[in-house]
Every structure is written in structure tokens, then in C-alpha cells.
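Next come two complexes built around chain A: one with chain B, the other with chain C.
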Partner chain A sequence: MLLLAGQALAYPFMIGHGYTACAQCHVDPSGGSALTEYGRGQAEIFMRSVYRERDAEYEPGPVKDFALGVSLPEWLQLQGDVRGLFIPQPDNMRFILMQADMRGHVGLGAFRAYGSLGYASEGAYGARVTANDSGGNVISREWWLGAQLGKRALIRGGRMPLPFGIRSEEHLLYARSATRTDTNDDQQVGLDFNYGSRKWRAELMGIAGNFSVSPDEFRERGYSGFAAYALDKQLEVGVSSLVAHAQSDVETLDERLRQAHGLFGRYAPWEPVRFLAEANALVDSAGGPATVGSVGYVQLDVEPVQGLHFKGTGEWCDTDHGDDLGAVMRGSATALWFFAPHADLRLDALYGTLFCTPGSEPFPMGMAQVHVFL
Partner chain B sequence: MLILSLAWASPSFPAVVAEELAMPCTPSCILCHETAAGGTGTASQDFAGACMSAGMMVADDASMAESLATLEAEGTDTDGDGTPDIEELRGGQNPNPGGEDFCAVPQPQYGCFQGSAIVLGVVAGAMLRRRGTLRR
Partner chain C sequence: MRTLILALLLAPPALAALKVDGKPKVAFFAVGNPGFLDIEGESADLACADDGTTLTCDHALDTLDTGIGLRDEHMKTKFLQTEKHPKASIALAKASIPWPAEVGKEARGSVAATFTAHGVSQPATVNYVVKKSKTGWRVTAKFDFDISKHGIEVPSYLGVTVESTMRAEVSFDLVDAP
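Right after this comes the complex of A and B.
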């Protein structure tokens, strides 16, 4: 029942600009949430296309602010996101409103609160607030309350993305969907500890379940976490681990203990060239003996001129190395253009399967996305 | 704009079937596919074949609904048990040969605001209490 829908921002290619950490620019220290005041400035300076020469002292003006010019108090961050997806089909052009979210963060001293509320025209099952099976739904992807413990640590309780692997806006990556760690609707409720220093990033979350799913037997309990170390400003390596158990799995309807353990890395040998890679082992016990599989990807991101990205991605996923179905593979080519303040356009051409479903036949897919944020 | 798409997944079909036939639960993907995970090229269940013969097309919700109407009008009985497919689905049963009934076991329900609100309240209460303790 997985489906397309929106996702949060998280651009791991920012390592090309020397950002191994996410906390400077995102409210969530592991990325993929509303932007901080500093992050809004960096988005305007580093991410979007520039059409006139800037001097070395360039400072983004009010255009970086909420709604292109509303200056908010320091303790408040607001952000609205709208993302539309167009899928050419043989007889029509399918449109999906992937994201129409309003997000807000309040930081008063050590106290922090964050939440999002939005609408999805279809999908986003795991983030639904309302229960309309035949149309759009009100959704809330994230909400949490937290306490900052000094400059480096944050403890939070609430609904958050599972900390695992490379957090990315590309929620359809096999590595995200097969481990159920995407930023679309895979968030779960739990207690989370996050630590970040100049070299280290680490997060560990105790999972109490997704409370948008009922009854309780379908909610997972366990943990998810990662630790990453920056060898220098252009190279980061990390490890991830996840163990989650549900009395009844939302897909298989059987008792299920699923595990994922893996490695990931980001490397920018030259500022406009970035490599991302992730490989995970999948260990799954669902109504029978445990199976062992694997999932991962390698991605090359090239930004020949500021704001314009070309990406090539190769992925594999095999849920069970012991069966004769083999792995599903997918290759994709992407153009991503941050063409104006607070706006980007993305075109994808893919060949493979949509999800990690070994035995499925590969097929060509194409899609176009437009995203604007306030 | 760019690109072609020759095929696309149909993840909304279970909800379409459930709504059109007022089923007591939403069927899992094994109504048409080999496994509950679905996947293009795995719609090998007999009922999937019956729907395609009745005009159902990939990723086209309207054609799915129309094919159900056609199956009902024709009284199609895929598993040959004497009960037409549509009647079986309305009762939460599986029209495929040897298939397990869909609604005999609990299905996940999505959109539970109450659960989230309770958890948020508990967390907020605990944090406010801790804040009060620190002040003292």
C-alpha cells in the first residue's frame, strides 16, 4: 500500500559545499525538515541559479525570508511547501499533489517544538490524520517536543523520521522504501537522542510505533540509529542499524521482525561533483524463517553551474538472497534545477521497478516535479 | 515536457475495489498480485486476469471500477465455487481459487489522530513537569 506522496527537504549533496552536518540549515539536526534562518540564507547563496554576478560580500536580502520577505522573530521558523508531480501516461497526464505542508518550529531557550500539517491528494497512508480512503487526507508527517542539551545534543519525543542511512528527498529510493525510513510517511513516534559535533553526527531513536496506524498490533517497536564521521569537509562515512518488531505487519499481516544494518558515505572530490553510496543488509522474519537480503545505491551528482544538477543513480534490492527471484535493479537519470528563489524543477527518467519487489518486470518511468516553498 | 511512461503501478486499486463494492475491509494486493507487496508484472492471480479481460488497465482507477461492473453483470465466478466474484468481495472473501479471505484477519487502518494526540499530550506533560522541577 505504499504510494507516492510528498516528502521533506533533505539535500545530502550539500557536502559539495563543505556541509557534512545538517543542523546548521535544518531544524531537525539530521536534516529533512524546515530550514533555519541560516539555512534560508545558504539556500539563496549556494543552491539556486545566479543570473547576475554577485560580489564576494553578497548577503541575501529579504527574499530568503518566509513568504519571500516576512521577517519572523528569532524564536519562530515557519515554512510552507507545495510540490506537484506530473506523470506522463499513455492516455493522460497524471497529477499528484505530493506535498502541501505548513511547518513550524518554536525555540525558546532550551525548549523546542516542531510540527507539520498538510494535505495529500493520495497516498501518505502512514502520516494520515484523517481517514478518507477514496481521496485526499489531512496529514501530519512530523511533530515533536525537545530539549537542547548544550550546543551539541538534543533529546526529543514525538513523531520523527527514522534515523537511518542517508536522509534524502528521494523517498522512492529502494534503500529508503525497503527499510521504511523515508521522509514521506515512514516517520514513527518515539524518543530520540541526537548528537552533533564538528566531526561526528549520531542519532538513536527508540521506536514506539506509528500512531497514524491502528490497531496497536500493527505498530512497530524497536530502535533505529546511525553514527557518521566526517574525515574532512568533503568526506563522511557512517553506519546505520534498525530493528523493529510488529505483532502484525502492515504489508504481510504476519508477525514480523525486520532488521537493517549498513554503511553509507558521501564524498565530494571536487566541489561540483558528489558521490553518495549506501549499502544495507536486510534481515527479515515474517511468518517464517529469517531471510537475508540487501539493498543499496550509488549516486553521482554533478552541478556544472550553480543551481543545476545532473544525477545518475544505480540501485539494487534483493529481499531474500536465498530465493531464486534475484534482485530488482533500477537506473535513473535526473535533472534538478533550482531556477528561482524558493523554487525548483525536477525531471526524472527511470528504468526498473517502482518498489523493491523481486520478480517484478522492469519498465520505463518518467516524471516531472515542481516545488515551491515559502 | 520530457519523458514517457509505458506502465505504472496501481497502488490505489485496493481502495477503489473496497469503495466500489462497499467491502468490510480494504483487500490486500494479493487480490491480484503474487504477494502483498504488489509490483509490476506480478499481477498473476486469476482475478487479475478476469479484471483485465473486463477492460481494467494499469493505473487507471476508472477502468478498475468499470471492470468490476462488467464482472458483476456477467456473473463471473473465477474460482468456480458457485458464488460470483463480486458477491464474494462484498462479503470480504477472496474470489481466487484457494485464496484466504481478506477480512478474516484485522487489517491496518490509517488516519488515527487520537493516538498521536495522546502521545503528544503525554510527552508535553512530562516535559512541562521536568521544566517545573528544574525551576524549583
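Right after this comes the complex of A and C.
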């Protein structure tokens, strides 16, 4: 469970509200970062539970703002996030401070700058600033400088999440961990180009490595990107591709060329019902001949009343179709409740393996998360 | 005499009165910045009439749906003021379109028109494709317009300001009116 620390906001189920793109609500155009003022407004309007009827002219008001009422200048976005994880164990209740981050974004004309600084009580090693191997660390998941190119394109340099597949707050998904594209601590330094239009969104990042890891031979070089097309306001399909090479991989310690190429889609046939699906081929050369595997998931998200989500997720992961170990599978049931302004509670019951480790025995898991943002 | 009969038989079908048949599609597109916010309002309301020289199509703005109730409310009450200005219309000279007579043939081009919204009329250039079908004509058309020139306040909400230039797209079937 050491890698469970920290997540970013990224809710792909917003396609149910007709939002195929992420750029209007997040300062990172592909999502999973601090909210814009518009995003804060939508969080109040669409995301949280409503306990009394709103009239048609309801406005979110100052409660949406930073720290529940601090109005910031247009050029500045600040956000604080705290997320705690509770894991019931036979003898005790384990607690992990997954996220205690402060994030800031400045946008002055075409110039943009973004960064986060926080603390994680365990894990998040890929994002750490300090080097405490036995406990908590100061971490910085993201930092970048960018320039807006016209109205639809953004070029950035710095540390960012790898653009690949469906960006989601669920960083434990096999599809995220096996491709190393989660928003917890898999960010890397690179140069990134992002484009968005009415139908298209696309991002391509040249990877220069994770500079929280040293020496340099452990850093990956390559690219990661996706292109997605909205066939409708409630239907988006996309392709992803990633190729990364390291002289010495952080897991295998061998020279490694890893690739992932796949498809993803999001579909909301009805506003409260959303399907997410992603399937990727994994091609891996680590100290031997290349292996071919696959990873993916299908998720159903139902929101019967505003703010309360029930999710069912089925996942598979097989790192090598040529071996005898087969695939690991995992099923999970989730309740996610945005119960108050800036606050949500999440309960997960899972059966499977925690990571993509074919040959491992599945086991039941349960966990609860509380998340508050300012 | 034979020549006269032949000429009458081959007279442009556009001279007949036209009306919308089936389910038309009307869409308005706007962009908000920063953040590439794309806003699309859709409707199936369109009524066309012609007086022999001018083809006029009216759209009831209250039927527009952007997919978000609050946004629709803002759009209709604050900006379009649909109670006072319920319709938008586009009018163009019927003869300016070469209505194809043979099934499957199409004509495309651009034509000068007058777009009226919020009670203000402005010139517009409409790009069209007209295709002859078995029953009439399949029409798809689009044009840009600037809401500030129609006296509509430029929407700005939660830090996102909508560009004043928007696009309208329509697709519908026209048939001869009885």
C-alpha cells in the first residue's frame, strides 16, 4: 500500500453533464489539477449533493471560492487539498495521509505558471523533494511554465502527468499503474503541447525523465500522448501511445524500453449513467526479448441523485501473454459522495490484486477516503 | 408552342412555395475563454416560409438546449431575452440559390442573407449545400454572426467570457408547400 499516497481531482464522469473536455474546469487542459473559477462553480452546481430545491437562477456564490469565500484575482488560482485514506486491518485501522497539497496557478496574458507543494505520510516517492526513505516527505507533483498559443493551444515545459488514456482520480487502476501514467507520482519532466477544440482534444509530451529520481540512468526518455474525438457531447473516443526508454529501470534495474498503445472511450447514454473503458497493449523489453501484454478496464458510474455515485469496475492486466501466469483480474464496487461544499467521501470494496502482478493470489480489500479541498 | 411547354416543365422548382419537412436540426456554437469552453445549443425547431421571392426561416430561441439547465436559463433570460425577442430568423432571396432539379444532384455556394436576432437585423453570408431528394431538397447551411452587433450582451460567467462571434448551423428538408 506504499504507493497509495495522493491523488488529483480528475473526474471523467463529467461527460454525463456534457463536458467532454477538461480545460474549462482545470488549469491543466487535460484535467487532474487545480480548478479554475469556472470549475469551482461547476463543482457546486453539478457535483455536490443538494439538500433543498434550487431555483432556476441558482448561483454558486462565494462558497465555491478558495477557502470557502476568499475571492482571488482573475490571474490567480489557489487550491489546498487534503485526502486521508483509512484501511481496515485485522487489528487496527491504518491511516495514510495521501495528499496535503497546496497548488497555485498564475495566468498573465499568454504566460502561465503552475506548481504544487505538499506532504505525503507514505509513498509518492516519484514526486518527493526530500529524501526520507522511512516516512513522510515533502513532495511536488507538478510544476510547469507555459505559453498559450492562440485560444486553443498551450505549450508547456516542466513536470506534468503523462498524457495517456483516461485521466482519473483513481490512480490505483491497473491501466494507470501498469502504464505509469497516474496523477499521484508518475509525473515526469518534459515539453508538452496541448490542443483543444469543440470536437478534438490532444496532447503530446516529450519525456525528459523524472527528476525526483537519480542518477540520470533511471530517468526515462521518450514520448506520451493521446488524441480524443467527441462524436457527441456524451460520447468521446480516443487513442493513446507511449514509448519510454531508461538505461536502468527503477523496478527491474535493467535497460528497459516500455511501450503502451491503446484505445479509450467515455459514453453517457443518459445523464446519470456513464461508461468508461480503456484497453492498452503493453510491449516491454526489459533485460530480454520483448513481451506483449495488455491492460484495461470497464467502469459503470451511476449517479442516481446529484452528488452520490455508485461505480462498478472490472479490470484486467497481463504483462506477458506468452507466459503461463495469465492475467490478474480485479473487481471493485465504489460509493462516492460529494456530501458538502469542497468535500467528498469514498468507500471502496475490491477483490483482486493491488497491482498488476500476474501470478499473485487475489484477496479482498476495503478502504475509505475523505477528501477536502479549499 | 412545344418550346414554351418544355420551358414551363423545366422551370426552376424554387418558384414553388417551400416548407420544412421532418425534423430539422438547428445548432448554435460559441466558444468561451480561457479554457476552450465550447458551448453548443441545439434545437429541432425551424419553420420556413417563402413568399415567392424571399425564403425566411424562423427559429424559436426558447427551444435551444445547451445540455445544462442553468446555462440555458442564463442564455434565455439574461442574454437572448427570449420573452421580448422569442425568434431568430434568416431571410434570403430564393432565386439566389440554384435549386437542383435532378435527384442526387447538389448545389453549394454562399449567399447574402439577413439575420435577425434580439430584434436587430444584420447582413450575413450563408454557406449552403442543397441536394435534391425524392421529395424535395436536403439543405445544410451555416453562417457566422456577432452577437454584439445584435445588441446582445457578451456573456461572461465565473471567469469565462464567450467570444462575441458565434456560428449557426442548420440542416433540414424542404418540400413544396401544398
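The definition used in the following text is that the second predicted complex is superposed on the first by the 372 of 374 C-alpha atoms of A that agree within 3 Å, B and C clash if a C-alpha of one lies under 4 Å from a C-alpha of the other, contacts with A are read in each partner's own complex, and residues count from 1 in each chain.
Everything that follows uses one rule, which is that contacts are C-beta pairs under 8 Å (C-beta built on N, C-alpha and C of every residue); 3 or more make two chains touch, one makes a residue touch a chain.
Just so you know, these numbers come straight off a predicted model, no measurement behind them.
Student: Consider chain A as the common anchor and indicate whether chain B and chain C clash or fit when overlaid.
Tutor: Aligned on chain A, chain C fits beside chain B.
Student: Regarding the shared-chain residue A:94, is it in contact with chain B (first), chain C (second), both, or neither?
Tutor: The first partner, chain B, only.
Student: Tell me the contact category for A:212 with respect to chain B and chain C: first, second, both or neither.
Tutor: In the superposition, A:212 touches chain B alone.
Student: If we overlay the two complexes on their shared chain A, which of chain B and chain C does A:371 touch? Say first, second, both or neither.
Tutor: neither
Student: Can you tell me whether chain B or chain C touches more residues on chain A?
Tutor: Of the two chains, more chain A residues are contacted by B.
Student: Figure out whether A:180 sits in contact with chain B (first) or chain C (second), or with both, or with neither.
Tutor: A:180 sits against neither chain B nor chain C.
Student: Please indicate which partner A:128 is in contact with in the superposed arrangement: first for chain B, second for chain C, both, or neither.
Tutor: First partner only.
Student: What's the minimum Cα gap, in whole angstrom, linking chain B and chain C in the superposed view?
Tutor: 20
Student: Where on chain C does chain A make contact in their complex?
Tutor: 29, 31-38, 40, 66-70, 73, 77, 157-160
Student: Within their complex, state which residues of chain A touch chain C.
Tutor: Within the complex, chain A touches chain C at residues 17-18, 21, 23-25, 29, 36-38, 40-41, 45, 56-58, 60, 74, 107, 148, 151-152, 196-198, 233.
Student: In the complex of these two chains, what residues of chain A are touching chain B?
Tutor: 1-3, 86-90, 94, 111, 122-123, 125-126, 128-134, 137, 140, 143-145, 147, 157-159, 189, 208, 211-215, 217-218, 248, 250-253, 347-349, 353-357, 359-361, 363-368
Student: Going by the contact rule set out above, which residues of chain B touch chain A in the complex?
Tutor: Within the complex, chain B touches chain A at residues 1-9, 11-12, 14-16, 18-19, 26, 28-29, 34-42, 59, 105-113, 115-116, 118-120, 123-124, 126-127, 130-131.
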